[in-house]
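Once you've had a glance at the structure underneath, I'll fire off some questions.
Chain naming follows the written order as A, B, C and D, and within any one chain the residues start at number 1.
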Amino acid sequence: MNENELAQIVSRVVQEKLCPAEITEMTLALAKRLAARVEEKAKEMGVNPVVAVSNTGARPVLVECTDDSYIASYDVALNKAYTVVALKMPTKTLKTLAQPNEPLYGIQFTNGGQIVIFGGGVPLVHNGKIIGGLGVSGGSEEQDTALADFGGAVLEEEIKCL
Amino acid sequence: MNENELAQIVSRVVQEKLCPAEITEMTLALAKRLAARVEEKAKEMGVNPVVAVSNTGARPVLVECTDDSYIASYDVALNKAYTVVALKMPTKTLKTLAQPNEPLYGIQFTNGGQIVIFGGGVPLVHNGKIIGGLGVSGGSEEQDTALADFGGAVLEEEIKCL
Amino acid sequence: MNENELAQIVSRVVQEKLCPAEITEMTLALAKRLAARVEEKAKEMGVNPVVAVSNTGARPVLVECTDDSYIASYDVALNKAYTVVALKMPTKTLKTLAQPNEPLYGIQFTNGGQIVIFGGGVPLVHNGKIIGGLGVSGGSEEQDTALADFGGAVLEEEIKCL
Amino acid sequence: MNENELAQIVSRVVQEKLCPAEITEMTLALAKRLAARVEEKAKEMGVNPVVAVSNTGARPVLVECTDDSYIASYDVALNKAYTVVALKMPTKTLKTLAQPNEPLYGIQFTNGGQIVIFGGGVPLVHNGKIIGGLGVSGGSEEQDTALADFGGAVLEEEIKCL
């Protein structure tokens, strides 16, 4: 067996161990890659966001406040990342449901101020399972929603076998 | 031109560049002058306000409760001064955005009760930068809004290069 | 009756209306004068304090954060001004009573985090009655205690007939 | 010497005066570099920390929860990063001051649960000024303290003039 063959075998074994199928929980490494993508996109859009990533326990894994972001966005981004895992839906979906006279009106009062009912948060879904949540705050609601959707869409690109 | 002369020129150029441009953060002295102006105006209007001034960290610098002001106005004025720096907009602007079916409906629930969504708070802007916030509470919403706007408008008069 | 005589009569009438004996409640004007005295003294000592003054309802009348004061001192000074009126004693007296195994151990847990059990707060007493409270935070405990005691001691000088 | 030459000299002098002296506030880029250093060190020590970095307003800039870190460490690290800026001292210094019968016993109850009184937090000092705070939580107190001290010590290496 030469060096090349050995390298291939090692690569395959590592591949099997780390392959996407196994990723069922957010990691700090993945959260950082995802946040970097969202922040890069935000820069193109001229937005200074706070980006928060949560895990399947709706607990924060990463919060990054870009320079000149809103102080208020820290809580908002964090709470969006909580909301999307805690309620298993994007915050823009919840927005409709939580208006006066709608089915979930009042949900915003029940969880100690952690439920956000406007756009900018998405569950992070891999292989049909929620592995975490993404919360973005700092632009207009449209911008935050676009950035969160963008983050959700590039998740697969960032989940890579090393 | 000798070294001394050069030093003087350098000093002058730096001075011009940095003064009054150098005022980038609220001070207690400036906050007091501003509050005095607002309170004088309030007296003319027959309003007993609480006046709060925050810095760029959205932390309080000064809170003054005029005699016979509402006890509740302490929190309201303080939170207005927080809100305008934390969200970089007047509270009367936020008022519109936070109504049911508007983009930021629900923002009032996400930051531990510190977000105020009616008039009476303005960011204090100098040389295009927010250097703090002003929150006024105690009159009608129109009166508080007028007083906060007045405070924002006289800021430059109160900023003097020492 | 000449101008001089008129001036004297006006002065006496004003005197009678405003005389010390009548002052039973903190005012913003008095709070400002007292805070200025404490801040002047603090400057001599090289301390940057937060100074808070409360009224007989243990509600804040004035909070002033000198430049470079501790962010944490805002809550501490405010809570000292609350504590001294709410419990009618200096915080240095409470310090002893609230230690483990002492009579009031636990008082620090009972009032929503508003009770301060170290020096730097004094009730403001005029004509044998508490008319408000003074809380100072920003130096060592000895310095805060000295500044609060100083404030209590000069209260009478600052209560003047206009 | 013509105008152009003078302008260049002025520019250089200003540059020297302001760089790296101009770094007076934490940035996300610097916070990331610092957190990476602390996490690398933690890995060597076998600790899974939460690392939080705050700015001069004691507001969070970055929070990173390494995989398998304690859920409780999120609040602890964040509050350490708050405490060290809000009180301008390492949390291990505050530990001594906040013991029963010591000058600041009770400080842990006065700021809404944000004051941490054990090791693992340090102010981040550059050119004699606090530019932010570092909070580390996840190991033993000795480990957290060592990691925070390490972060404080490598700050200069991570500050580079752009």
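Just so it is clear, a contact is a pair of C-beta atoms (placed from the backbone, for glycine too) under 8 Å apart; a residue touches a chain by one contact, two chains touch by 3 or more.
Computed from a prediction, not measured in an experiment: that's the story for all the values here.
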Could you let me know which interface, A-D or B-D, is made of more C-beta pairs in contact?
A-D
Using mean CA coordinates as chain centres, what's the gap between chain A and chain C in Å?
49
Computed distance of Cα centres, chain D from chain C, in Å:
34
Chain B to chain D, mean C-alpha position gap in Å, rounds to 28
Centre distance in Å when chain A and chain D are each reduced to the mean of their C-alpha atoms
26
Give the residues of chain D that touch two or more other chains, as numbers and ranges in rising order.
57-59
Go through the chains and record each pair that touches.
A-B, A-D, B-C, B-D, C-D
Chain B to chain A touching residues, read off their complex:
57-58, 83, 85-88, 100-101, 103-107, 109-115
Chain B contact footprint on chain A (complex, rising order)
70-72, 75-76, 79, 95, 98-100, 108-109, 113-119, 140-142
Along chain D, where are the residues that touch chain A in the complex?
27-29, 32, 57, 59-67, 71, 74
Tell me, which parts of chain B touch chain D in their complex?
1, 6, 9-10, 13-14, 17, 55-59
